[in-house]
Amino acid sequence: MVALRRDIHAHPELAYEERRTSALIAERLRAWGFEVDVGLAKTGVVGSLTSGNGPTVGLRADMDALPISEAGEFDHRSRFDGKMHACGHDGHVAMLLGAARYLAATRDFQGTVRCIFQPAEEAAGGAKVMLDEGLFDRLPVDAVFGMHNWPGLAVGRFALCPGPIMASLDCFDIRIEGHGTHGALPHHGIDPIAVAAAVIQALQTIVSRNVDPRRAAVISVTKIHAGNAHNVIPDHAMLGGGIRCFDPPLRTYLKTRVEEVVAGVTAGLGARGRVSFIAGFPAVINDVRSSELAARVARELVGDEGVDTATEPVLGSEDFSYMLERKPGCFLFIGNGAGPASCTIHNPGYDFNDEILPLGASFWVRLAQAFLQQRSA
Amino acid sequence: MVALRRDIHAHPELAYEERRTSALIAERLRAWGFEVDVGLAKTGVVGSLTSGNGPTVGLRADMDALPISEAGEFDHRSRFDGKMHACGHDGHVAMLLGAARYLAATRDFQGTVRCIFQPAEEAAGGAKVMLDEGLFDRLPVDAVFGMHNWPGLAVGRFALCPGPIMASLDCFDIRIEGHGTHGALPHHGIDPIAVAAAVIQALQTIVSRNVDPRRAAVISVTKIHAGNAHNVIPDHAMLGGGIRCFDPPLRTYLKTRVEEVVAGVTAGLGARGRVSFIAGFPAVINDVRSSELAARVARELVGDEGVDTATEPVLGSEDFSYMLERKPGCFLFIGNGAGPASCTIHNPGYDFNDEILPLGASFWVRLAQAFLQQRSA
Amino acid sequence: MVALRRDIHAHPELAYEERRTSALIAERLRAWGFEVDVGLAKTGVVGSLTSGNGPTVGLRADMDALPISEAGEFDHRSRFDGKMHACGHDGHVAMLLGAARYLAATRDFQGTVRCIFQPAEEAAGGAKVMLDEGLFDRLPVDAVFGMHNWPGLAVGRFALCPGPIMASLDCFDIRIEGHGTHGALPHHGIDPIAVAAAVIQALQTIVSRNVDPRRAAVISVTKIHAGNAHNVIPDHAMLGGGIRCFDPPLRTYLKTRVEEVVAGVTAGLGARGRVSFIAGFPAVINDVRSSELAARVARELVGDEGVDTATEPVLGSEDFSYMLERKPGCFLFIGNGAGPASCTIHNPGYDFNDEILPLGASFWVRLAQAFLQQRSA
Amino acid sequence: MVALRRDIHAHPELAYEERRTSALIAERLRAWGFEVDVGLAKTGVVGSLTSGNGPTVGLRADMDALPISEAGEFDHRSRFDGKMHACGHDGHVAMLLGAARYLAATRDFQGTVRCIFQPAEEAAGGAKVMLDEGLFDRLPVDAVFGMHNWPGLAVGRFALCPGPIMASLDCFDIRIEGHGTHGALPHHGIDPIAVAAAVIQALQTIVSRNVDPRRAAVISVTKIHAGNAHNVIPDHAMLGGGIRCFDPPLRTYLKTRVEEVVAGVTAGLGARGRVSFIAGFPAVINDVRSSELAARVARELVGDEGVDTATEPVLGSEDFSYMLERKPGCFLFIGNGAGPASCTIHNPGYDFNDEILPLGASFWVRLAQAFLQQRSA
């Protein structure tokens, strides 16, 4: 598994371009006797293995790398400048392949295991594309599980919680249409920058005044661009950012409030504002029974102390949420080790911790066995 | 004149309550042979005197005192706590009565002089009421002049300008309707204070962004009241303030912009806002020819150096503006002396400067003579 | 108990004025054989009863009414206009007295029970005064419990949670010192209302940007007062409000941030701002073991379904928090019935639900017995 | 003159690159007998011509083009994409050369005429560089005059005013240093965009509250750039803009206020702000006597009606102001014709109006003669 993980790490591929990774996975799965489906979401691979009668469980790993230049100097560092496995999807693939090999070799389960290798988790929504292209229609499952390595959580530990574990995300663009004019003649135009400032300040009140203080909600305006000269008031300002929360009705409310604030404030200041929601993920919501199963399996592996079953949810997002919208299941974290800050995900110095490969693979194996046993019984 | 001025000073009367002052004026005018009209705007007095054939000139003085407790300790200080002549209207009355006496005694003019003693200049718009009750219909004039003492301008000096010399004023109230709730539960209501803050900030952009920088404009929110407890978000917030400028179309624009800003920002933040314009004065706009006449007369009295004919207009307001909307004329300032800060108008320590009484009365006499001569010729 | 509760309801007494209530309580306790301590925090009463050897448990009820005029028309309505038991402290007293009577009659426990009747829970911090005057020094307890009736929670139900169950509250006043001037001459002063608007908007960013979105935090500016006239920019603006959260370090941080925002923004706008923290309560934080005990006792009384042991904490505050800062213990809610909105606490139409008196008293009895048993064992 | 103007128009050269234009000018001046100085501010040319004894007058024309792609389709359109004479400096050169030729041919004046051809008027401050390199030290003048074509003012008209005629300009950059973080974790950083919004709103209050409403002042934030991603709160925000006014002490005050607002608001919100003033021009301030002379000369050419001697000052800026800081003089406008909007300066469709070349040249000739005559007398 280590060699495999490092090989994938050295050959990172961005969203929907995971051709080498995908081919490697498919080849291995076929060699071990899996029935292999390729082509979902371009590079998606699903390996299915049946042993006796029983239900079907889906185990999902994501495959894509990030457009970041690797800072690490080790042997298996990325061979491609500007691309790296900075989120550990290389490890996710390796762990699931390790489990697949073991399950194929032992066939010690009753039912069907589907190993789902998904492209384009990073921002582009590969999970949704696989589903839209028929993943669960053609290759049905009774439940689906996902796992992410977690820097900051010690090696040998797992963390999960029932209910929301990761937030929904709605990325927005806001175009504020003013009317350009010379910087000396503000009254001949509508200054979109002054309007944008009022909009941004008003947006703060959504979280501070409109949301139940006990509900997590984030509205971040993360970019703003307007104007090119010191003496020209520009025509418009472009803002962008994201909305995050754990609660689907709150998600709808926050999006509506952003639209209302933008519409009202821009109108009051003589401009026009348009909000475009350009991408969005639902929250990752674990069902209670699947969470209990995952917790039980984890505890068998690392003991009660090693499993946090009430971990605080994370405001990041993950497109595995789309799978959990369709099927019961659970998404959990496996400790990647508590290292220095440079080891957080999406950081140029990050690397997946090979030490946890056997534990991750064992978890997948035991989870599949336990799920199928439980459901078969 | 000094005794008279001090007698009036000692007996200040508020807007529309100038009964003693009014009676005193009417008695004198009648004694000197003026035809006297009383009752316009409750306490208004107009004395008319005709000598030969000719046009008619109106000379106006205001009579009312202010609800301020006098700080001065001199003999003629106010006998009534909470009322004082803090704007020098006592002196305005005395100067015009002095001129009336002289004109009646000499009859050295061709036409009719009307001395208009107006109540309620301070905020309440006595000039408008007199006009609405028929002042210029029943007692027509060809032109009308007004004069205000001016602390900070040296004794022996006059200041005026053609065009706007004092600003329009529109007082507004803004009611911001939110929805009250417990201070711990902002999401159960609409916080009108957070909305008011956004409105006040947005209102700043009218002057900073929407008005030609070369045009004077003031929008002051001068009061805000909301809430009574530290743990209750109130239902609504009440704001009040005033809009000032010199230009009638700009005046209309500013009022509209305030309404638009309030409507848009409150809507964006989920509240409702209502702007009420509760009082307003037009700008005091001098016509060119009347200004030239007043300047000529003033220069005859104090020499070229003593008359500033291009004084910078003042952002305060004056209801004499209503008279100038109907008739050509001029409003000017007579120096009350350049004293310490305590001597500014509307200050508890202010007093009219008796030293200028003869000059003011002479100005009225010469202005009436010159106007009637000029027009008769 | 019903007669007693209604008698107290009919004779509401405000904070530190609970003389009749206090006397009535002391008299009963003495009659039943309690050792009675009076005078802590003026009107506080503590009745202590020992039976055999064992630890000591404190049971606390609050006694004060609110300055609200009662809207209810029933027989036991308040006899004093402007005062009423709008928070059900009448019921709290009655339930604890009911328990005291039973415990005195049966003496079925090992150790000491202290029934703590506290004045001035509403805003004035009677609990803190009792402690400062030596409550737990002179009358020590091993743990202390409190209970509040809860409209909206069905009769027959209890709700609690380990950890924070009610928020800390810090009431603040903010004085923004500008410099008064005429409304027409903003440049001669510093407009404290424009500054206040900027401060209020900037304060929103503390919750929206500075606080972990998963941590509840509320900063409500609930009052603002400035200015009296439409044409005078006032000297200063007075703001007031409250800060709430569940986490002590966060509490400190929020207070610091409010001070920093006020200092920075007022300085930037040429004014000065001073924040005064005029009152504050810590969060009510239940310890895990006491919470488990309270939950077990409640379940014995109403079954598993009747007890919510993971209720969502409430952003309101309660000065029982001071007692829990000193001793382990638990504060919990007893259902007052799920009625219409008019029945919420601090509402003129509210009344304590007599139906729950026996359940409440039984809870106190069983809790005392269970605590002393558990600790004695 | 027309052929010359069109030749220069067809060969536009940007600031400090006016080599062809400069060479052409120098060659002509030498041919006509001027003593020619080259090299000031790289491409500056000064031609001096003396006739008899007398004082020295400077006449200034600017030479540089703008980085704008010409939209016009006429024969003399710019031969270089991305450069054009969109401000009419081609015409300014042609008019002054026309005058130079006439003055050289007739020698009908007493004293010295210096024709100053200045590079880099557009933003880069060529006037200041010429002065810094010794212009008035080596080539002294008693007074200096400048003239700009003015679209919107009819052909055959001149406009000027004593005192300020164009505004000072101070271009600023503001760097707001926050602390970057993931968009889901605002509390781990300092959001520079939220801070920028507060700063921009606070900056509005300088014009709306701190400046005498009768003084023109503009503070325009004309650009803002921060952030590149929808899920990353950036480290810092960059703002830019300009401050304009007519009054030197106000200019200093406005710059100080911008710095104070930025310092205070950023500090209050936990960030840091740095204001850099990257370029600045003083106001163009005409002295009274030079203005009267220019007005007199203009009236001789086009009659009283054709000369507006009290034109409203313009909020644009002009580096001729540096010359007027050193020497008395006057800057005035010559009508370029009142055409459609597309003909305003700095517009891709603009062209200098050849019709006014003779009038402009005549004005220079007569002004030189009149100045030297007046001063010689």
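A, B, C and D label the chains in the order they appear, each numbered from 1.
Everything that follows uses one rule, which is that a contact is a pair of C-beta atoms (placed from the backbone, for glycine too) under 8 Å apart; a residue touches a chain by one contact, two chains touch by 3 or more.
Values in this document were obtained by computation on a predicted structure and should not be read as measured data.
Enquirer: Figure out the least number of contact steps between chain B and chain C, where 1 means they touch directly.
Expert: Steps on the shortest route: 1.
Enquirer: For chain C, which other chain has the most distant CA centre?
Expert: Measuring from the centre of chain C, the most distant chain centre belongs to D.
Enquirer: Just how far, in Å, is the C-alpha centre of chain B from the one of chain A?
Expert: Centre separation, chain A to chain B: 68 Å.
Enquirer: Chain A to chain D: how many Å between their CA centres?
Expert: Centre separation, chain A to chain D: 55 Å.
Enquirer: On a C-alpha centroid basis, what's the spacing between chain B and chain D, in Å?
Expert: 43
Enquirer: For chain B, give me the residues that contact two or more of the other chains.
Expert: 184, 186, 191, 194, 198, 201, 204-205, 208-209, 213, 218, 244, 315
Enquirer: Applying the document's contact rule, which stretches of chain B touch chain C when the two form their complex?
Expert: Per the stated touch rule, the residues are 123, 167, 169, 171-172, 182-186, 191, 193-194, 196-201, 204, 218, 220-234, 237, 240-242, 244, 278-279, 314-317, 346.
Enquirer: How about chain C: which of its residues touch chain D in the complex?
Expert: 184, 186-187, 190-191, 194, 198, 201-202, 205, 208-213, 257, 260-270
Enquirer: Spell out the residues on chain A that touch chain C in their complex, using ranges where they run on.
Expert: 201, 204-209, 213-214, 216-219, 244, 312-313, 315
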